[in-house]
Every structure is written in C-alpha cells, then in structure tokens.
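First chain A sits with chain B, and in the next complex the same chain sits with chain C.
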Partner chain A sequence: MFAFALRRLLASIPILFVATFGVFWATASVTNPLDALATCNTCDQTAYDRIIDLYELDKPIPTRYLSWLGDVATGDFGTATSQGERPVSEIFWERGRNTMLLALPAFALLMVFGVAAGTYSALRQYSAGDYAVTSMSYFGLAMPTFFFGLLLQVVMAIWFPRWTGWKPFWSSGMHLESFGQYLSSVTLPVLTLMFVLLAGDSRFIRAAVLDIKSADHIRTARAKGLSESKVIRRHIFRNAMIPAVTVWSLNASALFGGSLITETVFSWPGFGRLIIDGINAADLDVVMIVTVTIALLVVIMNLLADIAYGFLDPRVRYD
Partner chain B sequence: MTDKIAPSPVVADAADLNELLGLADKPESLGRQAWNRFRRHKLAIVGSAMLLFLVASFWIGEFLSPYEIGETNVIDRKQGPSLSHPFGTDALGRDYFVRAMYGGQFSIRIALLTAVLATTLGTLVGAVSGYFAGWVDAVSNFVINVLLSVPLILVLIIFGREYGASPTAIAFLIAAISWTRAGRLVRAQVLQLKESEFVQAARAAGAGPGRIIFRHLLPNLVGTLLVEITLLAGTAIILESTLSFLGLGVQAPATTLGTLIDESAGNIDTAPWEVLIPGAIVTLIILSFNFIGDALRDALDPKSDSE
Partner chain C sequence: MRSVPVLGENKLARLLALLLAFTLVAAACGSDSEGAAEEEGSDDTTADAEDEEPEVTETTAPPAPEEDSDTGGTLIWAHEQEPPDMHLDDPANNLSITSWIRRGLLEGFYGVSGATEFYPELLAQEGEIVVNDDETVTINFVLRDGLTWSNGDPLTTADVAYTYNIWAEGCDLEDDGTIGDGTGCVYLSGDRTGIDLISDVTVTSDTEISMTFVQFFAGWKALFDEIYHPSFGADAAEVNANLPEWSNADGVLVSAGPMVFGEWDRGVSMSMVRNDSYHGSASPDARNDGVAFVEGVQINFVADTDAQINALKAGEAQIIMTQPQLAFAERLATDENFTVASTAGPVFEHWGLNLLNVHLSDPLVREALAYGIDKSEVMAGLYTPLFGDSLPAEGLGNTFWMSNQGPYENHQTEYEGKNTTEAIAKLEEAGYADSGDGIFEHADRGRLTLRVGTTGGNGLRELQQELIQAQMAESGFEIVIDNVDGGAYFSERPFAEEAIAAATTQGAEGDPTIWDITQFAWVGGPWPGGQAASYLGGNGNNPYGFNNADFDAKAPVCDATVDDAERAACYNELDQYVTTLNFGDDGLFMIPLTQKPSFYGYLSSQLSGAGVAPDANDAGPLTNVVDFQFSS
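Here is the complex of A and B:
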C-alpha cells in the first residue's frame, strides 16, 4: 500500500511540473505587469526598469519559470503586488482558510445528500420521489452556478426580508464575528456551491445503485433470508460506495471552479476573488500559488480515492 | 424481454408462418431502430421541441419586433415587461426582447461550434491513441491528466482576458480544454473494438491504419459522438456564460445571454427580469440539449429495450 502510494505520487510529479509550467506560461504571455504603469503620468523610465527588473521581463518565460521554481524550493512564494505587497504565503493561508470555510461544509453536505438522494431514488425507481430527484438534478445540471447563486441571493437575502421583515441570511460578504453570523453568511454560498454539484453526483450514484441492485449477489442475499434493511446496508450501500468515491475525487477540481464563481457572486474573500484579482493585476505569484494548490489537491484526491478502493473493494490489491 | 406468446393459431401456410415469426418484415436497420426509439422517447420530444422553438425565435424574433437591435429610447428606459416591450427595456431604453434573441443567436453559435470542434479533436486523439497504443497513448494520456489537474475555469479566465472578445475565439478556447471527455470515451471504445473480428478481417484484407480508423472504427462510434456533441453543447453554454458573467466574455456589438446577465446582475433587485429572462433561456437551452443527449443515448444503446 505504502509503496503504491509512493509510486503514484512520483508518477504525478511530471504532471505537476507540466501543469504549473502551462499556467505560468499562459499567464505570463497574456498579462503584462507594465500595464499598471500605462495610466501613471509621473512614472519615468526608472519605474519601468524597476518593474522589468522585478519580474525579469527581459528574460524568456521558461527562465522566469525556473527562477520561480527556485524561489519556491527555498520556501519563498513571492510578494502579492495586487494585495498591497504582502507576502503571498501570508495571503495564501488567509484566503485558503476562507475558501475552506465555504468549500468544506459544501463538500460534506454534498457527500451526504448525494448518497442519500442517489440511493433513495434508485431503490424507489419510478416513484414520485425518484422523479423529484431526477428533475431536480436535470435543473441542477442545466443551471449555471452563477445564475443559481444570483437567484438564491435576490430571493432569500433581499426579497424574503422585504416580504417578512425577517433577515436570516447575509446577501454577501463573510461574517465571522460569531458562529451564528458565520452560519447566516455561509448558508447561501454553500447551497449554491452544493446544488450544482449535487445534480451530477446524485445521478451518478443513482445509476450505480441501479446497477448493483439487480446483481446476482443481491438476489442471493435476499434468497438466504436477509432482511431488506440488511441487504441495503450491507450489500447495496457498501458496493455503491465504490463509484461514490470516484465521484468525490472528481469533485475536488469542480468544487474549486464552483467556489471561484460562488465567491464572486457572494463577495466571499477566498481563492476565487484572489485569483481573478491576481490575473487582472498580472500578479503571477498569486496565480501560481493557487494553481499549485489546486493541482496538488487533485493529485491527492485521486490518490486517496485509489487507496479507498482498496478498503472498499476486496478485489483491489496494491502489490 | 417483451416476447409475446403467440396465441397458437392454426397455421394455414408458410407465408402466415413467416409473418408470425416476424420473418416477413424487412429487418430494421440500427439507425431506423434508433430513430423509432428516439421518436417515442418523451424527453427527446420535449427537448427537441423546446430547442427548435428557442432557436427559431432567436433567428425570427428580431424580425417580428418593431425595434432594432441597437435602437435606444431614453424615455422608455428601465421598463418592466409590457405589451409593447415583452421583455422590458434596459438602462439605455433598448428593447430587451430583441437583445435577448440576438444574444441567443451568439450563444447557440458558440455552443455548436465548440461542441463540434471539441468532439472532433477528442475523437482524433482518442482514436489514434487507442488504436496505436504505445507511446502515442502515453503522451495523450499525459496531456489529458495535465488538463484534468488544472481547473478549466482558471485557464478560461487567463485566456479569456486576451481572446474572450470574439465569439469564434471563445469557441476555440472552450473546445481546447473540454475535448478530454470525448477523447477518453473514444479511446476506451477503440481499445475494445480494435480486437474485434471485423477489424481483424479488414486488417487481413490489407487495410491500413487510416482506413481502419475512419472506415471501420469511427462509424461504430457515431452514436457515442452524437451524444457527446449534444452534451458538450450544453457544457459550452455554461462555460461561455460563466466567462461572460466574470466580465471576460464577448464584447459589443456581439452579445450573448451570459453578457446580458452580467450587465444586469447589479440591478437584480430593481429589474429582476433582466437577469431572470436570459438566465431562464440559458437554463432551457442546456436542459433541452441534455434531454436530447440522454434520449439519444437511450435510443442508440443496442442493449436497451426496443419498446
């Protein structure tokens, strides 16, 4: 198992290098830090030279990538010019925590509701509940995240208080003064982030459970006299966890993409806003740290999924 | 599955017997069977009708309305939906119905172009890497893994700043990052099919790799690809409208439904219809593409019941 994990991690190193170089190259070639000086009337040649020197703009992009790699290797992630010259690592922890405050509850709810809705609608195929879950997931798949977020925002945080005089949710921003404030500011973004992913997850799990429930070993379990609840818990549910793990590992990157948009809609100060501001300000150090984090997250989630298969499926062996 | 038990009749002659056994009918081709199943699929009918209606109104609506696309009328600005302006007017007094129809045209064009481009690219890469295996396969797998480890929306934002203004460029951009699913699907199917007898027969008859891929393997994947194109068209509209929402989409005079939502998101409280209408249209387009895609998948699945 350990050898397998190590081998997988080693195999993903080239992928990480190529992915980070790709993003570095793309960002460096479409953004230009000198743009910031275009509206500056008092800036003279020394200001330009200073920027050129700071970003090594006179060197080719691969060289700049290598020197960024060298800095990262010594633990120096650079300075965030778009965030008041603060060190990137400091901003990283702050913004990363904020995104986690949004993404982790969404992920937890997604896991619970995805399995619940998918299993329920498969076990009661063609029932009213199944149709409800299926139509909800069709809408979830068809609605862009930002549109669902905007709807939720205007209905629940602007119109609802106007109709009832009661304002349970913040319409935007992150409020951490107390746990209650956190809940009332995080609820709508979490629902937005969850709803769109829930659609895909519950459909996938539904299909998996449908597949399993007509398998021979389920019939055998029933034939030997197991109670229906034991058949569901011990045989159907456990088998359905295998495809569920696949879906969850794929959710990592989707959760990031979704939170980027959700954070924009609800002005949540996380990675999403950070990276958009970073790209707009040609702040390569900021863009890169987010990219590295996401790429690492995807690699780790895939690895965790592979390890989980070993626990869930006795046929899987890592030798 | 649905074999009916024939009510044992007194068989008069061989012609009757053939009819009873279903041998008198000409066997249906797979395409005909699929079409018949598609026609009977409720989602397919709903999806196609909805999509046809939307697409028709996008291209005809402009002519039915007395207003021009760029026509401003400051006196009538920021009006709600009414008889003279079915979708209301925007902050410059432009008729919102005409703008929405115009935006719909661009959204559909981007979606279809993206879907065709991405599916073509994915098919070529998938077929070549599945057929030749070896290092070609290793390279394309590596590229796919790299693309999967970078969030697509990030790549879109980076390039969207530079190339997002043109609808064609957006289509190429979205296609360049969304072909991976088609690539994996085609690769998996080609891996399976290339060992089958008819491919071995073709190879024994002297067919080269190009002929085998294009004449023998890909025709077997037409169903998969049709489904993929429809689903990708929906994905493309989501990505395009998201990009526009982030302010990186097409620039005037071109407009997409996403741009309309972006422009009016700030006024959602006072003029909610300006967000609701384009948003609802986007949702309906994607919904109908997904309906059609799912129905096609059911109809083309040889394992599914023919009824």
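Here is the complex of A and C:
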C-alpha cells in the first residue's frame, strides 16, 4: 500500500505543474496591478515603477512562473502584496486555521447527516420521511449557496432575535473570543455549507443504499435470520460506504480548500476569501499558494479515498 | 402488499412544499415587511418598497446629539475593504479605506469639509501668502495653540518640519533646493505634486513655520494634510517600515486625531480607541469640539454588501458606507431604525469621447450627442430615487468644479434636456441622413454606431448606459454597450497601451479604434487643478486625444494664479475648453453627467448622534467621528 501511495503521489507531480502554471498564467494574463493607477491624475513615474518592480511586470509570464517555482522549491512562498507584503507562509497558516475552523465541523456534520438522511430515506422509501428528505434535497440542490447564506442571515440573525428577543447567532464574521462566540459565529456558515452539500450527498447515499438493499446477499442475510439492524449495520451500511467515500473525498477537498462564496457572504477569513482578495489585487503569490493547496488536497483526498476502499472492500488490492 | 403513496396524494408533502415556498417568497420580499406587522398604521414600512420612492435624508450637517445620551460604547463600522497596509503613500496601496482610517488618526494643516472645501484644521488661521520679489511664493502658517499628540507631546512646527524632511530625505535636489522628480527619494510615494515645488522650510517658533515655493502652487492647501510625529521613524526608511503596521518598537504610533490605532486582526477587524488627549476638531461639520463620545471604533471587514446591510439590521454594526446600490435604499430607507443619507462628493461620472473616432472627430456630431443626452432624465431615473435632492436635478455641467462648490458654473446649459430636433439638425449639417431605421449614416463614415464602455458589473453604471442608449436612439445614434468587467476595463479600453499611444500621438501610432465612448468617474477634490492633467496633450492620463496648445499653456497659469477668485475663473475657462466648443472645434469631448454621491446608512435606533460628513475623496465615516454617540 505504501508503494501504491507513493506512486500515486509521484504521478500527481505533473498534474500539479500543469495546474499551477495554468492558474498562474490565467491570473497574470487577466489582471494588471497598474489598473489601479489608470485614473490617478497626479501619480508620477515612481508610482508605476514601484508597482512594476513589486509585481515583476517587466518580465514575461513564464519567467515569472519559473521564478516563483524556484522560490517555492527553497521554501520561499513569496510576499503577499495585497496583505502588506507579509510572508505568504504566515498568511497561509493563519487562513488555513480559519478554514479548518469552518470546514471541519461542516465536514463532520455532513458525513453524519449525509449518511443518516440517505440511509433513512432509502430504508423508508416512499414514506413521508423519504419525501421530506427528498424535498429538502431538491431544495438544497436548487438553492444557490449565496442566497441560502443571506437567507439564513435574515431569518436567524435578524428575524429570529426580533421575534424571540434572543440573538444566538452572528450574521457574519469570525469571533473567537470564547468557544461560545465561536459557536455563535460558525453556526450559520456551517449550516450553509452543510445544507448545500448535504442535498447531493444524501441523494447519492440513498441511491447507493437502494442499490445494495435489493442485492442477493442482503436477501440471503435476512433469510439466514439476521436481525434487521445487523443486516443494515454489517452489510448494507458497509457496502454503501464505498461510494460515500468517493463523495466525501470530493467534499473534503472543496471544504478544506476554502469555500469562496460562503466565506465571502459570512466574512470568514479563510482560504476562499484569501484567493478572491488575491485575484482582485493581482497578488500572484497568494493566488498560487491557495491553488497549490487545493491541488494537493484533491490529490491527497483521492489517495485517501482509494486507501479507504481497501479497508472497506477486501476485494480491492493495491498493485 | 403495501401500497406505494404517490406524491400528489400525500398531504404532508404538499404542506411541506407550501411552507418552503412561503419561506422563499417571504425572504425574497425583504425583511422590511416585519416592520409593517409590528407597526400597524405606519405608511412607511411596507413590503412594496420597490413601488414607492424611499425617503432619503440629505445630510450635510449631522443631527445634534441628545443631551441625555451616554458617552462610551464602541462604534462598529462594517466595511468590505481591508487595507493591505496602512502606508497610504505607497503607490501599491491606494485604497480609500486606508485614507479613511488615517483620517481618524492624523490631522494636517487643512481638512476637507462635507462641502468639499478646505478649512483650517491644525492651523489657527488661513495661511498667509507672500509673493516674493523673485516670484517665489512664501506661505506663512500658524498652528493652533494647545495641539497635542496622544502621548501628551505638544504638536509643534518641529513636527511639520520633520514631516517634510521625511518626504525629502534622499531626494536628488535641484539647484533651487526642490526635490525635483523624486529621484532618489526614500519615502515611498507616487505623488509629490506640490511638495516638489518647496525650496525652503523655516521654523520660526513652536507655532509658526514658513514654506517657500519656487512658484505658486494652487493646491497648497492639500499639502501636509497629515503631520507625522518624530517617533514614526528616525529616518524615511524606518517610517516606510513602521507605517504599514502602524507601529514602531514602542507600540502603536501616536495620534493627533480623535482616535488612536488599536489592534488589527487581519481579515476580521481593526480597532481604534479614543484619544483622550485630543485637542478638538475644527471641522465646520462637527458639533463636538472635544474628545469623541464613543470609546472606540471597530471596523469589521464584511465582504458582501448584502451581508453588511444584514449586519446593520442585526445590530452588529452601527454604520456602513458602501457603493450605492439600488436595493440599499429599499432595504434601509423605509425602516425607521435606520438613517440613510448622502451628500454629493467630488467624484463625477462622465461620458468621454474619443476625438480620434471617425464620427466623434466632427464637432457637429459631438454637439448632436450632447443635445441628445437628457441628463435630467438620468438623474430622475437613477439618482434622485436614491439620493433625493442632494444632487442637482439637471446633472453636472463642469469637470473642474462640483455643484456644491462656490465657483461652480454649468457650462452645458445649452444642451440641457433632450433636444432631438437640434441633435438631428446637427447631424444633417454634418452630412448624415436617416438610413431608414432611425439610425443615421454618413456617405463616407458609415453608420453612426458608437460603442460605450464602462466597468461591467456596476449596476448603476450599466443602467445609466441603457438609459442614455435609449435616449440616443431617438437622435439617430446607435449606441452599443461594450463593457469589460471590473477594473480591467481601463487597461483594455481607454487606457490600453495602444489606445494611449494613439491619443498621445494624435493617431500617428497605436490604435485609435479600441474604444469610442467611455463612461467612468474622475476623482476631484477641493483643489481642481489636478483635473487638467486628464486633458494635457500627450499626457498618459489623457485618453481622449485632446491636444490643444492654448489649453496646455493656460493650465499652469491657472495653477500659478495666487488670487482665489481669479484662479477659480481661470479653471472655469479651462473647463470650457473641454465641455464646450467655445474655444475651438476640438472641445466638447467631455460630457459630465453627475457627481457620485457618498452613500451611508447608520443605525439611528442605537445612535443618538452621528458625525458623518462624507465625501468620496479621502474623508469617509470617521471624518467627524467625535460626533457619534450612543443613545442611553
């Protein structure tokens, strides 16, 4: 398995090169830091020279990319021009922590509720509960993330306090003064993230459970006299986890790479907002570190999913 | 066999679907509806906010604080922009938010009032101008008595001299002692206009200082708008290093303004605390001449405008100041818990014409266009519903002076209203004829189709384009909208390298066909002289292709005119070069449309007093922060 994992990681290196160069080239091509001086009547040549020097605008894009690559190889991720020229590595850990504070609870709840809702819906097919879960799924799939987030802000942070006189949630912002404040500020963005992803996950898991539920070995297990709970736990559930792991690996890389829209709506200072600010400011070092992070997360999460398959399905062999 | 229920027969499913649909509809109609439920009989708070004109308060003077209001509390301002750093003069940092924050921390010789006029801030009186025999100009400044830094140090002329020395450090001096083009200067800056004319700074006493300029500079009041304390750095390099984080080895930098810098939690918030040693504001807009009522200010960085409004409505912020949005007034203006106000700022929207365009090179065509545009319809359709009568209903008619400034003259009264008859007459005079579909064409120049572009994604600007597009169709013009998203518009259209090359060489080089008509905003200020740079021949800031030797000669003459009234008249004359045909057939390439209003909303249910006198230039919500006061 170790050799398998190592081979997968090495095979990902060319993918990382392509991904990072593509993002670097695209961002450098469509953004121009000098735009900020376009309508400045009184800015002199030193203003232009400073920006050209700061962003290395006098060099061609491939040269700038290679320069960045060389720096990264030596552990220098550059300076964030959009963040007061602070080291990118310092900002990376800061924003990474913030994204984890949002993504980890969202992911954990997503796994639990996704499995619960999907399994329940499948086992109680065509019941009122199934229809309720299905309706919520369609609602979540159709709902734009930003709209749901703003809707939650209005309902839970504005209307609810006016109705009840109790304000348990912050409408936006990250508040870490205490654990209680953290919970108050993370609840609405977590619900937003979770609800939208839960819609798809529950449908996926429902389909998987439905497929397994009608399999021959499940009928055999029941015929052998196993209780329904054991059938569900030992046979249906375990087999349904294989496709669930696939979905979770995709969700994890999306969540841990920063949720652009949710972080923007709720002003959560994570990777999502960092990359948006970086693109707006043509801050390539910031954009690249987030890009590399997301690319690595996709690779690692897919690798972990493949490894998990081996534990869940004994028929899977690594070669 | 268990029957399988069908969705359509399941009452519970239908009920759930109905509840969900109701929630969506209720949310979409906006939260204003709860006001109607709570306050029966109120005719302001309805869910039909889109059908009525929201009431907007024009506020140039803030409401007086109540006598029984408390001091204390932290004013929370939700804002989308976060400064990259606090070194405003670093050319890489030109965000408004940086200057707005620094307005609460530092003061200078002059401040800018809500009427976009200079007023003595640290000065005890207006500067005294003395024209010397050698035609240099000396300005004598006298500081107010009792000026104090937040650490208790007196603010004296030594601090002013220190500030100048930081700017001038390392610069390769000219023979006359000025810093020239800024070569060698250590202090980071992209704009030394005016500073580069100072040849001598002499401290006479703790409160008296003289500065000699090699020639009169009309914008002298804009200089030294922030005085530094010597603790900012032992030299310019140290100042450059300390300003970004607003701290030195001893902690946060001292302040001469009503606030002292507090903490900066990147991505989350920035805080300031009250300066209890503050010497008091001299602003004509401020009602409180002492220390601030509030204990501090916290800026929460809320990226989304709707989220800002939600934060305001949730009581998590007391003030927001954001780009004007059509929904802004609808969501706040009809709710009596909020005050929504605006003032006309010194930033103005305009249509700029490319004089190298085959159609627009003809002054008759430009006149026809001016006749065809109805600025008052644009105002009535877009701006008046949001901003009331804070902006002139007839639009703007001057690019040097704004409507709320004394010397303002409307030089485009001839083109007021929509004069389709005159527009068509001008086109026919120019040799155009109706092609049959209402759009005119010329035998040699072709169909009268012109592209107009702006920063895509700006709702108000796009609506403005569409309004004028419809107006121009009646006058025989086919206007095609050609936007580019965001700030990229400038470098892809009017300020593209090839476009500027064409503009500066009168078409000999570059590509003059990249754009036809541009719509964006120029930033003005209390000193309008900087606007001339947009029209000087061969200047990289002049995309219009205007090249008039008389104008180029006159502009510095205006800047060098000492008498205020004469100088104002001179700028008015300069404006006519660009907004009329009074001084040549190459004029009338600028059609100013309107001033951009500064637009803010604050939670009047929590605040008994507010101190906002914003202008869109470099003031912002903290300009009169001393007046903000919470209700008891």
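The rule is simple: the second predicted complex is superposed on the first by the 303 of 319 C-alpha atoms of A that agree within 3 Å, B and C clash if a C-alpha of one lies under 4 Å from a C-alpha of the other, contacts with A are read in each partner's own complex, and residues count from 1 in each chain.
Keep this in mind: a contact is a pair of C-beta atoms (placed from the backbone, for glycine too) under 8 Å apart; a residue touches a chain by one contact, two chains touch by 3 or more.
Keep in mind that what you see is a predicted model, and the values were worked out from it rather than measured.
Undergrad: Specify the partner with more touching residues on chain A, choosing between chain B and chain C.
TA: The partner making contact with more of chain A's residues is C.
Undergrad: Go through the superposed model and pick first if A:I289 touches only chain B, second if only chain C, both, or neither.
TA: A:I289 sits against neither chain B nor chain C.
Undergrad: Who does A:T31 touch here: chain B (first), chain C (second), both, or neither?
TA: After superposition on chain A, A:T31 lies in contact with both partners, chain B and chain C.
Undergrad: Just to be sure I read the superposition right, which of the two partners does A:Q83 touch: chain B = first, chain C = second, or both, or neither?
TA: second
Undergrad: Output check: A:F139 vs chain B and chain C. Expected answer is one of first, second, both, neither. What do you get?
TA: It touches chain B and chain C both.
Undergrad: Considering only the touch criterion stated at the top, classify A:I51 as touching first (chain B), second (chain C), both, or neither.
TA: second
Undergrad: Looking at A:G173, would you say it contacts chain B, chain C, both, or neither? Reply first, second, both or neither.
TA: The second partner, chain C, only.
Undergrad: A:A19 in the overlay: touching chain B, chain C, both, or neither? Say first, second, both or neither.
TA: first
Undergrad: Does the superposition put A:A208 against chain B (first), chain C (second), both, or neither?
TA: After superposition on chain A, A:A208 lies in contact with neither partner.
Undergrad: Counting only touches as set out at the top, which of chain B and chain C does A:M194 meet: first, second, both, neither?
TA: Neither: A:M194 stays clear of chain B and chain C.
Undergrad: Using the superposition on chain A as set up above, list the residues of chain A that contact both chain B and chain C.
TA: 30-31, 139, 146, 150-151, 153-154, 158, 264, 276, 280
Undergrad: Report the residues of chain A in contact with chain B in the complex, numbered from low to high.
TA: 12, 14-16, 18-19, 22-23, 26-27, 30-31, 138-139, 141-147, 150-151, 153-154, 158, 253, 256-257, 260-261, 264, 275-276, 279-280, 287, 290-291, 294-295, 298-299
Undergrad: Help me check something: in the complex, which residues belonging to chain B touch chain A?
TA: 142, 145-146, 148-155, 157-159, 161-162, 234, 238, 241-242, 245-246, 258, 261, 265, 268-269, 272, 275-276, 279, 282-284, 286-287, 290-291
Undergrad: Enumerate the contact residues on chain C facing chain A in the complex.
TA: Per the touch definition, chain C meets chain A at residues 4-5, 7, 10, 12-13, 16-17, 20, 23, 27, 31, 34, 78, 82-86, 90-92, 94, 181-182, 185, 188-193, 244-245, 266-269, 300-304, 306-307, 310-311, 313-316, 486-488, 490-491, 495, 520-523, 530-531, 533-534, 541.
Undergrad: Help me check something: in the complex, which residues belonging to chain A touch chain C?
TA: 30-48, 50-51, 54, 81-85, 91, 94-95, 98, 126, 128, 131-132, 135, 139, 146, 150-151, 153-155, 157-159, 161-162, 167, 170-174, 264-267, 269, 273-274, 276-277, 280-281
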